[in-house]
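Shared between the two complexes below is subunit A, which has subunit B as its partner in the first and subunit C in the second.
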Partner chain A sequence: MIRKNRRKLISASAVIAAGSMLLAATPAQAAEQGVSATSIKLGITIPMTGIASPGYNKIPGAMKAYFDYVNANGGVNGRKITLVVKDDQYIPTLAVAKANELILKDKVFALIGTLGTASTKAISRSAQLSARGIPSLFVNTGFSGFADKKAYPTSFSILPSYQMEAKVIGKYLDDNYAGKKIGLIYQDDDFGVDALNGFKQAGINFAIKVPYAAGSQGVAGVAGTWITKLQAAAPDVVILFGVSSATAAALGNAYAYKYAPKWILGSVGGDATTLAASKVPPAFLAGAKGLSFAPAPSDSADEYIKMFMDVNTTYNKGVAFDNNIVAGMTSAFLAVQAIKAAGPNLTRKGLMSAIEKGASTFANPALTPLGYSATSHVGATGYWIGTYDATGALKPDGGKYTVYTTDSGTGPVVLSNYKRPAMPAKGLPN
Partner chain B sequence: MHKLKATNATRLLGFILLGLFLFYLSNTVDELRVYQGATVAMYVIAISSIILLTGYSGQVSLGHGALLAIGGYGAALVRNNFNAPIWIAFIAAILLAAFWGALLGATAARLSGPYLAGTTLALAVGLPSIANQFKFLGGEQGLIFDIGLPPAWLGQTFSQYKWFFWIAALTALIAMWWLQNLLRSGYGRTWRAVRTQSVAAELAGINIARSKILAFTLSAGLAGLAGAVLSMTISTVSPGAFPLSLSFALATGAVLSGVTTLGGVIIGSVTLVAIPEIADVVAHQVGASENATTNLPGLMVSGLLIVAVLFVPNGPVEQLKKKRSK
Partner chain C sequence: MKTISIKKRLVALAAVAALITGVTTVVPAQAADPACTTASYVTTCVGATSDTAPYMFITTAAFNGTVLVWSHGLRPNVDIPLGIPGYGGYKVTNTPEPAPGGDKAIITALLGAGYGIAGSGFSRQGVNVQQAVAANVELIGIFKKKNPTTKKVVAWGASLGTLITQTLAEKHPELVDSVALVCPATAPTDALISYFGDFMWGFKTFFDPTIKGFGYSAGAAGYAEAMGDLVKFFTALGKLQAGLVSGAWPDTSSAAGKALEAAKVPSRSALTLVGLMAGVPMRSEHIDGTSGPVGSEQLFPLAIAPAVAVLENAGTVGLAEILLMSDGEAQAGGIVFDNTKTDYAARVDADKDVYTMALSGNTAIEAMLGVLGQSPRVTASAAAASKVKSLLSIDGTVKHPTVLLTTESDQFTVAGAGQWMIDGYAQQYADAKAAAFKAYQASKSYTAPTNNLVALWAKTGDKYTKFTAAGSPDLSATAGAGTGHCKYTPAQYVAVAKMAANVANTGKFPSGGPIATAARKVGLSYDNKFRVPLFRTLG
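Then we have the complex of A and B:
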């Protein structure tokens, strides 16, 4: 009897399986995956726990907060946006597994904000993003490759590349510290190599270069040796071009050794709240130089920052407003603009072509031009350089953003006269 | 008590039937499950490599992730530089990892217990970052490991993940077939003798060092194969894909599977893949906070590990066998 039942069960499941395969084979009729008449589902996988998570794990919350704000005001073309968040711990294998869950189980419309070069590359390849036409919006990495439309047809950058950043710093040094001795701490991998290329193009000769192996910043005593090396060479200016934990380790040891050159902090490791969480006293940062492409988080006079602050207070209660929040909300804001521009018949193809066609003129908080076009998926294209105050806030010099733009190639660094489009009323899609 | 004495022929038949069942399964379940199936197959190979090493030859490795990395890089380099077919890339991965395993085994044979664990752990910490030092290994971003699209005769709707699964499952089946034969051979008996009573084994004329090195070499070869399969499923190979947590996960999987028998290997493998998903469901059911949700999988794995060590120290399969033979 049992056997008979089991046989029945097997044949029944075979019939169901065959039926579902037939269903799957018929072409999609209604809307695209992840889109209904009333909703749009986006997905993000990002390190929420683990060594790379501090700071970055605030990005999804910030995105959600802005989406919630838009949803509370009617959504985009009548659709409300939800964001599914997965934790990949900065491990490419997990990132692929989570991206697959997002695409195959949660059935998201598009990915947004995946973080880390290796993870983003692995996702793009393994999950066959380009073959399946799945958009990967505003990836959180400064690797210039993702802006290459030929190699990654469905990926869109947002951060300026490491090379752009090094070139901008080079220009700043040329203008302000010509003839001085320059030192550099950098990560001894592609991240650092990209930067070294940029510095070379800018014609910077270093009095001392201190490379560190990724991860070694956490080993007791290692960061102390960086500082003794720097002290021996005695540069006037030291550039810290590493991740947050390495920047914090360098500054922490410099503080202990009472070593205080002129610091320049790269944008990757330069978030003051993340540094403060790693026990670098904000006052020690005072006078250091830093870079950003978005307005300073402390600049409440900026219409976008003001709106983001309000959204953060209402929809992201109890979370300190900082660079990571600005970064998350900036990506979310751009995504909303793109979805709006793609029109009421939202498709993946439509979304991507809307970004290619119009995103360079979309309203958005970035202070540098956006480089999206039919041939390029470059996001922000430069930086402004400012000074940290005694509270650890990065502020533009003389109260005015001086923005430099450049490219990831051999192009020059030029002072930008870009005028950002005005924010739509209340920061909502118009 | 055993009514049916399993012969080689019946075992082979069993493997073929299992293969056919997996083939049938791959055509019925959805794409996410197929992808997870490929990951399970990878874990099966990797965990059985630990079972061979720890359960049979009595050596501990906390650094298997490093051997997986060697295999993954080996396969990618051979594939990218010589445009080798996938099976050649897999064989290259096995040989390369086995070579390094032999070197490591020669050192390991002089060490035991915590010292060996410490040495292998250091390997797992250090080795992946070596990739950052040499340009041909691609640095932090790693290398692409693209096995190409499934052959056209499989049809338009045949997905890439099904292709991954077929390759991974077939590889795992072949590896398991080979391994279970090996473990029942004279080598297997030698290893067991060395593990349980090394002095007696030596008196019986067994060269302990050689037997240990051989076990390490073969285990490393299997680990290399697992690394190649892992790299295939994520189409890339990079240092970040082989973190310390991978080595620990494999050791955990081996304990859950029952470290002294090969039979339970599927249990540990499925558990490692299923736990994050179960945790997700649980977290959703109780409406846990984001913080709790992200930490739940780790908690569940640790909990299971404690339960396994407390109640089924030799693994669930061994426990069942014992019960039956009583």
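Then we have the complex of A and C:
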């Protein structure tokens, strides 16, 4: 008996040794960076300080709060998510440095929520995300190019594109201000190009267009020239299609110049608490039109908003709840589902594949369909239009969300009959 | 940190020249046995190859059988008048260079470790790959004959010397056991020509259309044209520097440039565009691209810094263009640069948003690209373009263990050249791996391919710009790490040399840990995940 067992042991040892030799001789698959048996490390670079930071600097805290909530409930597939945050000051070259730091020093698994068209483009090119196969999840820019899988194979949008937004605004103008003089302030880069393309498709002709180079809104006297140009052209409606600091600069100067057309604020620069932080009185927004693809932050009847508010209270020190918090938590919410869907053997390829295959049906607060597929990395696909009240809250006209959906091409703007997936129990991935 | 600048190299070369004079009274005019002297157990030999290329090699009594054959970088093949930055007062020299810049610290360290060192000054300067390879082939033979215990040969070089070294390794693999390429210029010929040509064409189109840049006359007339171009180029560069903040254009600007000035497009935006379309690094020795002076922490990096970086890098790029293009054309028999089909709008498309404020926004970008679109292009002579490839061409195949040392923000041999080698080898390795698997399926015996490339980086720091009390960038401050052309410390050169010498003897690089440690000790980085964009022309 003993001899037999010994023979078995010898035989087993031989098999193990042979197996070891084979393992040693064939290349092993390296463990995925940023993933351990118990943790997943994500990274975000975003303006935490500087001219573009107000409001946007709340996004990482919101993401982290939702991740902490998930972690406190067991994590995802047994792993807890950590988020490393870097401050790029909205300087693209610094964003590249910070992204490289996240990838090479902090060794994150994926980037999430990088903000700004220029910074996100710079990161993609200079940090070579595609060549390195590094996912860039739910970028905080509406530049339509990021939804193009061929051009940015590892990047995924979440915001509807600026082109979609411009088309929706165009429809609103057509329905409500046909024949009126329209003015536009826009960022003179691909952010603005996207918008101009959308307005063109919507058939909008501008009485005046005022471009500004990104960053120049911070130069003394520049925003004042925008207003004097607008005053000279006297449009009935003015669209502000820029970042929050540009919107604030325009509105601040308009107030000083006693200039008060009908304002339409693009979603990127239209968050009232951010504008208030930039010294734009909420009352000055009253009556202005705005757009959003998610429920209004004040809509505590919405199950997602309510859950986000609770998470914000418990895990984010109850900071002022606004669109930035909703945006950050929405991205985190989608990321958790994607990680869950990628399965226990988490790889970068697996994560991106999970988004392509299933994220269009992931639960999320957006009131418009998500467009992820094997050929497209487009996120939300439309907007509702509302009106700012005297407290600066953007509320849907008529008390209900009238959502329009469209694409970044020549498709029409149509009323959406999208039925949003119900929130999973406790807001945790199934 | 001590680095070896161009000026220091020239001084060191003079010292080497003095050394040669000291050790021998007669330098053979052509191939013959070298003249050797021995003092304090150090034997120094000098001689000339059959095409009169002077050489020098040094061994000690403790020679360990491994020799490092060094190929120096670009030396102009014409005298440069005084007053030209960087090379002013240069006289053509073919002083042999047995180690980088003839640096004593490097020579001492390598000899002290038992290695032999050898190097030629080559029979011609300028674009000299063919002559240099021939000289090195002869030199290796002469060295071995004089030192019959020689077992291993390491070929190493910097800048243009990497093209010489890589060509030697590709064409004479039997002579070389390992390779080290420092600040590599290893890229397809078209990409190299395009880098310098695109820059100069854009520069002259905006700032001084009287600069020739291409199509130099033969002989003395061509020399006069090239020297005239150097003066015009640096004059315009000075005026651009003066107009950095105001946006004023040089008075030598083209009519289209003046029209852009009238349209309030600042000259710094045009300079930034020229840099971007050629692929000039947007960080330089003193400009990190992310810092700003107090009160302008964001506006400076967004609006001004890119132009200052291009300006600081442009001196080297413009000078090299004029010298290389005039010499290349003379040897090839006509114009070798061609931009008749170049889409400069596509070149800058990915970056125009990143530098939008520096470029003054899309409206200004479109106006500037419009000027480039309507300006006359340069057409190469087909025969000359073909011939120049025979003068410079490499295929990038790694046939020996190779150490690559690349500076992330090198304005002369841009980092994309190193990345091209790395990417090419990745494909070569993948092919070898696939072949190994195929063999495994047949034989059931798997032999993993050996990694033959170690890529070291001198990475550019995030923040190193210093500002004066007046808020201007201090261009006299210490240069940032990972910037400039071949600005390595002697310790870094020695570390690379030793790595290449070790692998020549073992046939296999050690695992990543020891390499990373050796690199870190001298301030370099070994990181397989690090990447930089390729040359503009390569994608």
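Observations on the model:
The rule is simple: the second predicted complex is superposed on the first by the 392 of 430 C-alpha atoms of A that agree within 3 Å, B and C clash if a C-alpha of one lies under 4 Å from a C-alpha of the other, contacts with A are read in each partner's own complex, and residues count from 1 in each chain.
The rule is short, and it goes like this: a residue touches a chain if its C-beta (ideal position, glycine included) is under 8 Å from a C-beta of that chain, and two chains touch if they have at least 3 such contacts.
Note that this is a predicted model, so its numbers are computed, not measured.
With both complexes brought onto subunit A, simultaneous placement of subunit B and subunit C is prevented by a clash. Applying the stated contact rule after C-alpha superposition, one finds that A:V85 touches subunit B and leaves subunit C untouched.
With both structures placed on the common chain, the touch criterion links A:V193 to subunit B and to subunit C. Of the two partner chains, neither subunit B nor subunit C is touched by A:V139. Within the superposed three-chain model, A:Y212 lies in touch with subunit C and out of touch with subunit B [touch as defined at top]. Looking at the shared chain after the overlay, A:A166 reaches neither subunit B nor subunit C. Touch criterion not met for A:V280: it reaches neither subunit B nor subunit C. In the three-chain superposition, subunit B clashes with subunit C only at 307-315, the remaining stretches of 163-171, 307-315 or 433-441 being clear. Common to the subunit B and subunit C interfaces on subunit A are residues 25, 89-93, 97, 100-101, 104, 117-119, 121-122, 125-126, 128, 131, 188-191, 193, 213-216. Put simply, subunit A touches subunit C in their complex at residues 22, 25-27, 33, 50-51, 89-94, 97, 100-101, 103-104, 117-119, 121-122, 125-128, 131-132, 188-193, 211-216, 218-219.
Residue ranges on subunit A touching subunit B, taken from their complex, read 13-14, 17, 21, 24-25, 48-49, 61, 85, 87, 89-93, 96-97, 100-101, 104-105, 116-119, 121-122, 125-126, 128, 131, 143, 188-191, 193, 213-216. Note for the complex: subunit C touches subunit A at residues 282-283, 289-290, 297-299, 301-303, 305, 350-357, 359-364, 433, 440, 446-448, 462, 527, 529-533. The touching residues of subunit B, when paired with subunit A in their complex, are 27-28, 30-32, 35-36, 39, 129, 132-133, 139-142, 144, 146, 157, 160-161, 230, 233-236, 238-241, 243, 245-246, 276-277, 290, 293-295.
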